[in-house]
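One structure, pasted below without further comment.
Naming follows writing order (A, B, C and D), and every chain is counted from residue 1.
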Amino acid sequence: MIKAGIIGSTGYAGAELVRILLNHPDAKIVWYGSRSFTGQPYAEIYGSFFELVDEACLDDNMEELADAADVIFTATPQGYCASKVSEDLLSRAKVIDLSADFRIKDAARYEEWYAIHHPTPEFLGEAVYGLPELNRDLIKGARLIANPGCFPTCSVLSVFPAMKAGFIEPDSVIIDAKSGTTGAGRGAKVQNLYCEVNETVKPYGVTTHRHTPEIEDQLAKAAGREIAVQFTPHLIPMNRGILVTAYARLAKDVTEQEIRAAYTEMYGDETFVRVLPEGKVPETRYVRGSNYADVNVRVDRRTGRLIMMGAIDNIVKGAAGQAVQNMNVMFGLDEAEGLRLVPECV
Amino acid sequence: MIKAGIIGSTGYAGAELVRILLNHPDAKIVWYGSRSFTGQPYAEIYGSFFELVDEACLDDNMEELADAADVIFTATPQGYCASKVSEDLLSRAKVIDLSADFRIKDAARYEEWYAIHHPTPEFLGEAVYGLPELNRDLIKGARLIANPGCFPTCSVLSVFPAMKAGFIEPDSVIIDAKSGTTGAGRGAKVQNLYCEVNETVKPYGVTTHRHTPEIEDQLAKAAGREIAVQFTPHLIPMNRGILVTAYARLAKDVTEQEIRAAYTEMYGDETFVRVLPEGKVPETRYVRGSNYADVNVRVDRRTGRLIMMGAIDNIVKGAAGQAVQNMNVMFGLDEAEGLRLVPECV
Amino acid sequence: MIKAGIIGSTGYAGAELVRILLNHPDAKIVWYGSRSFTGQPYAEIYGSFFELVDEACLDDNMEELADAADVIFTATPQGYCASKVSEDLLSRAKVIDLSADFRIKDAARYEEWYAIHHPTPEFLGEAVYGLPELNRDLIKGARLIANPGCFPTCSVLSVFPAMKAGFIEPDSVIIDAKSGTTGAGRGAKVQNLYCEVNETVKPYGVTTHRHTPEIEDQLAKAAGREIAVQFTPHLIPMNRGILVTAYARLAKDVTEQEIRAAYTEMYGDETFVRVLPEGKVPETRYVRGSNYADVNVRVDRRTGRLIMMGAIDNIVKGAAGQAVQNMNVMFGLDEAEGLRLVPECV
Amino acid sequence: MIKAGIIGSTGYAGAELVRILLNHPDAKIVWYGSRSFTGQPYAEIYGSFFELVDEACLDDNMEELADAADVIFTATPQGYCASKVSEDLLSRAKVIDLSADFRIKDAARYEEWYAIHHPTPEFLGEAVYGLPELNRDLIKGARLIANPGCFPTCSVLSVFPAMKAGFIEPDSVIIDAKSGTTGAGRGAKVQNLYCEVNETVKPYGVTTHRHTPEIEDQLAKAAGREIAVQFTPHLIPMNRGILVTAYARLAKDVTEQEIRAAYTEMYGDETFVRVLPEGKVPETRYVRGSNYADVNVRVDRRTGRLIMMGAIDNIVKGAAGQAVQNMNVMFGLDEAEGLRLVPECV
């Protein structure tokens, strides 16, 4: 039984980790960390867990937690995990960081986009980018996982095979993403009040969103060189889900069937990436509450472009579910253990 | 041209006052008061008003405002207006208070339900409860209006005629109300975040909601004696609208037609109360954005009860629209001036 | 391994049965019945099931299905199941009927409220009302289960203990219910279009809703005599969830603690009914996607009433989840098998 | 007083025409046409109009209507208006067609994208594309107006100035649009049920949406040559609103200030197009219920692209409001008459 501790367990991603781990046959939560609610019964924060979780919230003492747990999930603001990680800590517990601290290998690039100092760049090299569909083997032996961002997960899974196969012009990629509001977090901000989000849609972080360099770094691996990606997210009046619509110029004369074959080849054996049938578009509701990423492509002969589409649940495959998937790989379990969540239809 | 000042113009009710007054042919806003945003252009708070309002927000100096304005709307937290009202102020400007400060005539009762000291109970007698359908003549000569609460407006309009006619047992009234989330205000609270309100419904203030004594006081006028009302509001995932479903035991052998006749008699000449055709139920969308209150009744022979239903837009007839209706009456204008807002269908 | 067949598998309750049974360790779906989509791959109807369900939809041949399955779920319109049930059928397969056909023991009463002829009243006596918290022992040996309606499930669980203990006046019960829109079914009707339901709330079936006699029949068992209940449902802009707010006059001098003790005594050992802590109100989101019913009570000394509140997911505990709970009891499995679904927090 | 007739008055765009015209000081509705509801009181279809519209629905007899009305609005499916227009009809009444029948000047191109025969191509030359910000002078003398589509209105207003100024590469334009669900119409289709649209987002009409050629034709005027545009709409869980996010490669070395100057030059005197302040993004809620189009641009130096953003209310500026704007221009009224609708804030 894997003993798991969660720092930041009362945020939306943290709560989703709890929801998933409660039904995981080989893991047990030993630490419900929450700086804001220390001492308060966890089930008082979310009534969902009444009679399911009896424990009270603990503080964020990672030193003590490293003794109590086999694996620590940090579902915390940027900068927290990087400030705590040490050789000693990693020798005592594995760390899966849901923040961006170890996703970007170049500390200067991280500091430029996040406007925050990186205190422990010496671990950037060791940290493994936890997208199992790309890095499964590296994850197996890792002590420190940089769990991918929600937009990068959906964007990279949608675009990677076409980029890798050389079907598209690397610098022509434009990613227009639509996200549910859990992505904005649980902080008490006027802009995230019900009445400010309901019945409206808006872009945000236009040209400056922090997930841009992360997407670029991963797609660069497919392109074999550095690339620049245009990325624009939009806030949608729904709780969960990310839809990515990505556009790129076709780089060669290729059919939709050939492109779909590249996707099927890459994802055919993957449990959690579903290449939809020809002509079907991803919808976020069909992955809701699950760890699936649904992807598909459409060639537009008229314009010479490829349209790549993907859908995930932003707090499952885009956060907590992927973190558990990484945990499963790190601890040698069946990768889908505890993650066979069937999406709701409505 | 009536010069109007608004204290609390950046809250939801305040912004709705602005929306309505901008199209009012006989009124002009001279003071956009906002303690939180003093000095900031008003249109920066709500992009709706871009190019429509050029003014910046002013502070809440009611002394100065009383010189600049003919009428002051206070869309402020409980206690504010009561702390500012004085003989001198009322001699210089009329005041329409959208808070609860002057709605309950008994200061002790106010203090009991609101847990707040009333600093100026000497004005309770003068203040007129601003429900024009009940108090039109008193409003005409008033200097100080207690603009009704949103739930009381909808509840009283729905129940009054049946109570007045003696058709129902006074102490049997149970009011179950459903409210959109603008009713919770624009404060940055976790419980009002999009993801906490969307896809859920809950009761609140069960047995203790502060609108209870206000409803009781008004319905007592119909009953001719003090009464106790059961009132329970619920938070609904929508921005605007209140629906009231009220239940009472029939006190006499009366037909639905006779009861409907009492409603038609009371409201037949009213512009803003619509007695729906037999068998139709009120829906909040059919009054959305307008000053209408839609009401109807249904007799249940099987149980011996009368079901009274009403719908309003909580920030129009339940707040800003009613405040403007009161202003129109106070200044001798056509009562519907500036309020001929046709409800949207969708 | 229990072989399960579903008639009406493409409606919302049918699809939820599929979602639940796919993860049930001791059951397997052998028949995806759908009159509308016969021959079409089931996963084409709901993309959620892509790569999870390979089967195509079959017709509604219950004769053939009775040979293929150990248990048949009928998630069908009123009248269907009653027209198919026979001694021969029940001797070959157990039937769990999600329609109202066998819920009301008096055929005349059924025909009066449903305006439909009952073709097989001879099975009304045998059919067991499948609310395990009331009828567990009867369910164990049953061949034919009348799976309760969504409103009755929530209403009866909320009111039963207080009624049974004699704390409330039997004929004073008023139930005001709020339901998500899955309750309206998947038929293509204008009134259920997104734009007609979003941003509005309305009552429906006022004084005439068909779940009224079902609620009365069950609560009559608690009261020890026939009773009349006032029941009014409302349509809420959300997919899932029912909230019940029930009002009754206190029949004796009793404290909230004593009443809560009666609830705890009845539900203390129940897996799926959670009596919330004192002062907490049920919210539908805290049971979303799960088989839980959350209940609580509040005494109002001022009015002499008891307020009883309950929340369920209407298509889980109110339909498919309860059906599986019944199946588990009928087949001697752990009652919670396949139903340990943790509610989402957001 | 202009006498206006509406064919298709019970659809969403038709009802919005009614909402707007009821408050228009110089127009009066003389014909509420509805094939589906002929003979039924109009206010029974939408309770919003109770006590505001007493008329019953009439049929779609355009011959008779042409005698009764000065202007006919056809808010009808594709093909209807084209099948009715004749020299005789246009000599008796002006026609504003809200369908696509006369938007595309090349009948073959219309027939290719709409898969429908065009019966009266002889009027394509006369029909004026009713985007007043582009074609005001032509509209003044027109007898037949092709009222623009919702997506084209928002797309063209967002992109036109940059294209016209030569700032962007003509064939690089990618338009990613997000639309509220009124855009899907009021037909009873499963895919538009509340539960199928709520809590999800999806693309549709990928590479094939019929508004594509309309957008191309209008932007071609700015480019001075034929162009191909990539256009992808998405369905969003909200009633009203379209947001356009458009991407294009910069064609020259130009600053954001210079580009904004081009927008301000084109729209500075326009009542209904608001060029937002630098750094502000359009949000659909800030134009809700109004005839405004909010636009803004953002240069991305890093990628060498221009991002153009626009927001409208799809059934006001994208349909009924623009139709009334056209009527005002055609009849020599103040262009904003009846259209000074202030957007709601929430």
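By definition in this document, a residue touches a chain if its C-beta (ideal position, glycine included) is under 8 Å from a C-beta of that chain, and two chains touch if they have at least 3 such contacts.
None of the values given here were measured: they were computed from a predicted structure.
> Which chain's C-alpha centroid is most distant from that of chain B?
A
> State, to the nearest whole Å, the distance from the C-alpha centre of chain A to the C-alpha centre of chain B.
Computed from C-alpha means, the inter-chain centre distance equals 46 Å.
> At what distance in angstrom does the C-alpha mean of chain D lie from that of chain A?
Whole-Å distance between the two chain centres: 38.
> Report, in whole Å, the distance between the mean C-alpha point of chain B and the mean C-alpha point of chain D.
Spacing between the chain centres: roughly 36 Å.
> Chain C: which residues touch two or more other chains?
12, 182, 195-196, 198-199, 237-240, 283, 285-286, 288, 346 - these are the residues of chain C that touch more than one other chain.
> Chain touch graph shape: choose line, ring, star, complete or other and state it.
Graph shape here is complete: every pair of chains touches.
> Residues of chain C touching chain A in their complex?
12, 15-16, 19, 22-23, 46-52, 182, 199, 239-240, 274, 276-277, 280, 283, 285-290, 294, 315, 340, 342-346
> Given the complex with chain D, which residues does chain C contribute to the contact?
The contact residues of chain C facing chain D are 12, 181-182, 184, 186, 188-190, 192-199, 237-239.
> If we count contacts the way the header does, which residues on chain D are in touch with chain A in the complex?
Counting only chain D, the residues touching chain A are 171, 174, 176, 178, 195-196, 198-204, 206-207, 228-230, 232, 234, 236-241, 243, 245, 247, 281-286, 288, 298-300, 302-303, 305, 307, 309, 311, 346.
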